[in-house]
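Look for chain A in each of the two complexes below; its partner is chain B in the first and chain C in the second.
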Partner chain A sequence: MPKSKFLPRGRKDRTAVLVDIRPTKSAKACDIFLQVRPGKDFELITILRALIKDQKVSEEAVAETGVSLEQCNDLVDRMKKAKFGCMFFGMGLSMTRGKHMNSAALLTLATEMNAFTKFVAMPMRGHGNVTGADVVMRWQTGYPFGITFNRGYPRYNPGEFSTVDVLVRGDTDAAFIIGADPGATMPQPAIDHLARIPTIVLDPHITHTSKLSRVHITTSVAGISAPGTAYRMDEIPLPLKPALKSPYPTDEEVVRRIKDAIAKKRFWMPEGEQMITAQI
Partner chain B sequence: MTLTVVNNATCTFCGCVCDDIELHADEIKIHKAKKACVLGTAWFLNHTAERKYPDALIDGKEATLDEAIEAAATYLHEADMPLVYGMSNTTCEAQRECVALADLLGGLLDSHTSL
Partner chain C sequence: MLRITGGKIFDPANGIDGEVRELCVSDGKFAASVDGGRTIDAAGMIVFPGGVDVHTHVAGGAINFARAMTPEDHRRTQAFIRSQSRRSGLGGMAPTTFATGYLYAGMGWTTVNEAAVPVLSARHTHEELGDIPIVDKATCVLMANNEIVLDLLENGEYERAKNVVAWYIWAAKSYGVKAVNPGGVAAWKWGKDAKQLTSAIEGYSKLTPGDIVTQLAMICDDLGLPHPMHLHCNNLGAPGNISTTLDTLQHLEGHRAHIAHSQYHAYGGDDWDEMRSETVQLAEYFNTHPNITTDAGAVLFGDTVTITADGPWQHLLYKLTGRKWGNLDIENETGCGIVPYTYRPSNLVNAIQWAVGLELLLLIKNPWQVFLSTDHPNGGCFWRYPEIIQLLMCADFRNECLTKLPDKIKGRITLPELDREYTLYEIATAMSAGPARALGLHQKGNLGVGCDADIVIYEEDDDVARMFSHPRYVIKGGEIVIEDGDIRATPDGQEFIVKPSYDPGTDEFLQPLFEDCYTMAFENYPVEMERMENPDIRDCVPNS
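What follows is the complex of A and B.
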């Protein structure tokens, strides 16, 4: 871990706390490990929110989370004493009982910690440029994901407009998939629905999703044979420097061509036109 | 054979997006990815510039790019509730086009973040 002006001893100047349902390899790399009971994340976060404000919490409520009151108090103490705290969270929080309400609770905790010291929260990212997708959608629509344009303007509601839910309910009647392979990662009812409806895939490889799709278009690989920009997890944009030349077109070019082909057809609403026109 | 060296190349395999990778490549493949981690090295070395797959497939059969674009446009245009999803392994420039596409379609727009 880097040494810096304010943290001259690098890792030794930092405290890492891991919260998980079981001790993993990361637990050894951390200073403190808190084992939370599966599905009790929301409760634990809410207890922490109460404790930072010196509210009373009942022993039973704390005991249910699998973490002791002593551990909670110690954590709150350390958080308040920290000069700069960062909470990283992943799918273990956002995809278990409570889902996006868990993420919302954690973000609220981070917000409330700022009454005492500087605190931020950051989602842990898997593949590639997911952060870029958040940033671009926020820039263009005001929302980071789970968006619909079905009234002609963007609206946001995870759970209602998020992909897994839409697919499992069987709402959507066509899917355009780019830079992802839901056919390999999503729950089976969602995959079944993708196979039922016309699915279009843009990918450098023939993926699981390509195999159940009506249309697959091979594109070049971002960062290897396609130029562009990618966002780092902490929202720093970085230019890509492709080392190879691909025989395939880039994602950008193909999406633009599909969009242009659709623009030639009749607009879906009786009146009006596309809100976000080409940006430069 | 001389290899082209790309300095400070960016790896997009994981969210860290390291931007200090040194790539040694010929026309077809990358031979060395200095400073990349195990995952990053595997990612760089596994991709080639060969034509491994057909340009496009429609219903599992080989098709040209133009045909596939027209088919995609027709399917999406005919749908009442089209979904634009994914956008993780791609560039911001392509993501921007995706937002415009969803807007033009009056459809849904979502990324991996919702998972």
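What follows is the complex of A and C.
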């Protein structure tokens, strides 16, 4: 862990607290581990929000979270004494009972902590360059994911236009998948639809999705044999510098060639207005 | 090749004020004459050099965070529909990249300066700028809260600080230096701010914001950067901050500088209830100090999203509004805060801000010193500039708007007493020739032979706002990009960068410091030249 002017001893100057439903490997790497009962994240966060403002909380409510009042008070005390606090949260919060309400509660706690000291919160992202996809989609379309272009301009509605929803409804008649393996993680109806329609996969490896696809184009691995940029989860861009040569083309090259070939075909949208001044 | 005949030319860089002249364009630049090519009959039309935005936020981590925070605005705003030659996009408070290019070009602006780039995420900013079509771009890199630079200044190592700043500018592939709330953003890492120019900054024993202001301005001058230090003063937005601003200006005595969005720095009174305009004092300073330029940072009523590296101010704004708040901290360098905001004419503070922006534009006599800006998107969105032009050119319209402000504003603003109306020549100066000169981009904002053929042609119209929102033609680098409201071409713009010279030992000095404090490898930090799309390295003229 990096040292700094203000934390000259690196890790030793930092306190790490893990909150999870079971003691994972990360617990060993942390100074304090708090075991919360499954599905009680929202309650625990709300109790912490009350405690930082010196509000009373009922003993029973605290007990239900699996974390003791003493532990909560100790945590609040440490948080307030910190010079710079950071909360990281992941799918244990955003994909369990309460979902985005849990994330919202945590973000509110971080916001409210700024009345006492500097505090921030940041989602932990999944494998690969998820953040990069999110960042580029935002600058090009305004939205991070769940986007449709079916009217010729970007529209956003997670739950309607997210990949899984489009597939489950059977709303798409072709799929083009780059560097992802939905065949391994998505619900069966979505996977069934991918197998039904022409699915094209660009991937350096054989995957669940590549096996059910009509076309699999093997591409070189970004960061090993293909250059590019990966965005760290705090949205800092890191250059990828290839160390090896690959006989396979890069994703970028394949996409570019497909795009050029499509450009030679008749354009799918009818000629119309260049712009609409208001969408509703 | 292109010839434009019969138009009334407004070219302040060459002192041409509405004369009917012919313009010839060859190879993207103005020429003395051309043979063949298209001729545009501009009889009855008005010809300006393409607009230049000296201070805007259109690309990078901060505006992209603002986009993420405002899907409700994207959903209601204007949408550009894709075609075979044009990408889709959304306008609104924080437009997407392709739309940003279309919207700027659509109202005749052809060069923009992205005013706040952290070195650590400069690669991101350049990737976004590469996706903004048509306009040319420059960037300013954030330096006034960089801990390595601050440590050097604290220890009195000016020469080394100068080398390090030059190294950073080149590492970020930037064009100029931006200072935001000097010392205050560094202090914000501790939840603190820096409001006094002469008090030591949190975490330092003697370094003050005033020291940073003076020495960074000196560094920019000594490196011979084409654009002087671009300064966002301490104490932004706070009642009574006029004293901080004047104090800051005194720290700049003898140097060039550009003061960003002066509107936010010209308030009197001790608290929000007592707040009043202090533009007379501030304008007087500019009127007697031609070494300093500024942009208005004018406010327009309506919805927007505020984004600034000034993290502590944004936390205060969040507390005042109770609306969404986003905060980013960039390790060792800077930070940023984001808060959606609505300026209302019925709100006394907002009404004063609206008046202050216009007062500065009207009270600073020399249009070569004060430029059109809203600090997009902070005071309003850039695509609303024609509304400001109308307010500047029509005193009657201004007076009509004044009647909608709260009664309590009487005695707190100067605007009702001002009857100045901008001429077309002055508008051309404040929107193009002036900012181009302040940026040191002498090939811009100038219709002279050899300069870049960036032109905007308006159909003369009594409705000033309509005239400036809908140019008849916009020409970028000699190519017609907008004709009658239609996007005709979307060429890639250039990016202006500089390579100030620095001691070759600077890498060796920085590497160990960097490896101690940063979470990125030193080798990965500088933006590689290969990643720049259409870079144009401009000259520095160092002080010898």
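FYI, the second predicted complex is superposed on the first by the 214 of 280 C-alpha atoms of A that agree within 3 Å, B and C clash if a C-alpha of one lies under 4 Å from a C-alpha of the other, contacts with A are read in each partner's own complex, and residues count from 1 in each chain.
Keep in mind that, in the parts below, contacts are C-beta pairs under 8 Å (C-beta built on N, C-alpha and C of every residue); 3 or more make two chains touch, one makes a residue touch a chain.
All values reported here derive from a predicted model rather than from experimental measurement.
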item	value
First, second, both or neither for A:Y231, with chain B first and chain C second	both
Touching partner for A:S58 - first (chain B), second (chain C), both, neither	neither
Touching partner for A:S26 - first (chain B), second (chain C), both, neither	neither
Which superposed partner A:R138 touches (first chain B, second chain C, both, neither)	second
Touching partner for A:M269 - first (chain B), second (chain C), both, neither	both
Touched partner set for A:S68, first chain B, second chain C, both or neither	neither
Partner chain in contact with A:N114 - chain B first, chain C second, else both or neither	second
A:Y248 touches, of chain B and chain C: first, second, both or neither?	first
Contacts on chain A seen with chain B and repeated with chain C across the two complexes	135-136, 140-141, 144, 149, 152, 154, 229, 231, 236-239, 263, 269, 274-279
Chain A partner contacts - residues on chain B that touch it in the complex	4, 6, 8-17, 19, 23, 25, 27-30, 43-44, 47-51, 53-60, 65, 68-73, 75-115
Chain A-touching residues of chain C, taken from the complex the two chains share	59, 61, 64-65, 67-68, 71, 74-84, 86-90, 92, 94, 96-98, 120-121, 123-124, 127-128, 131, 147, 151, 188-191, 203, 315, 318, 325, 327-330, 332, 486-487, 516-520, 524, 528, 531
Chain A residues within the chain B interface of the complex	91, 94-95, 123-137, 140-141, 144-150, 152, 154, 158, 161-164, 166-167, 171-180, 182, 185, 197-198, 200, 204-206, 210-211, 213-218, 221-233, 236-241, 243-252, 254-259, 261-263, 265, 268-269, 274-279
Complex contacts: residues of chain A adjacent to chain C	2-6, 83-84, 111, 114, 117-118, 120, 135-136, 138-144, 149, 151-156, 229, 231, 235-239, 263, 267, 269, 271-280
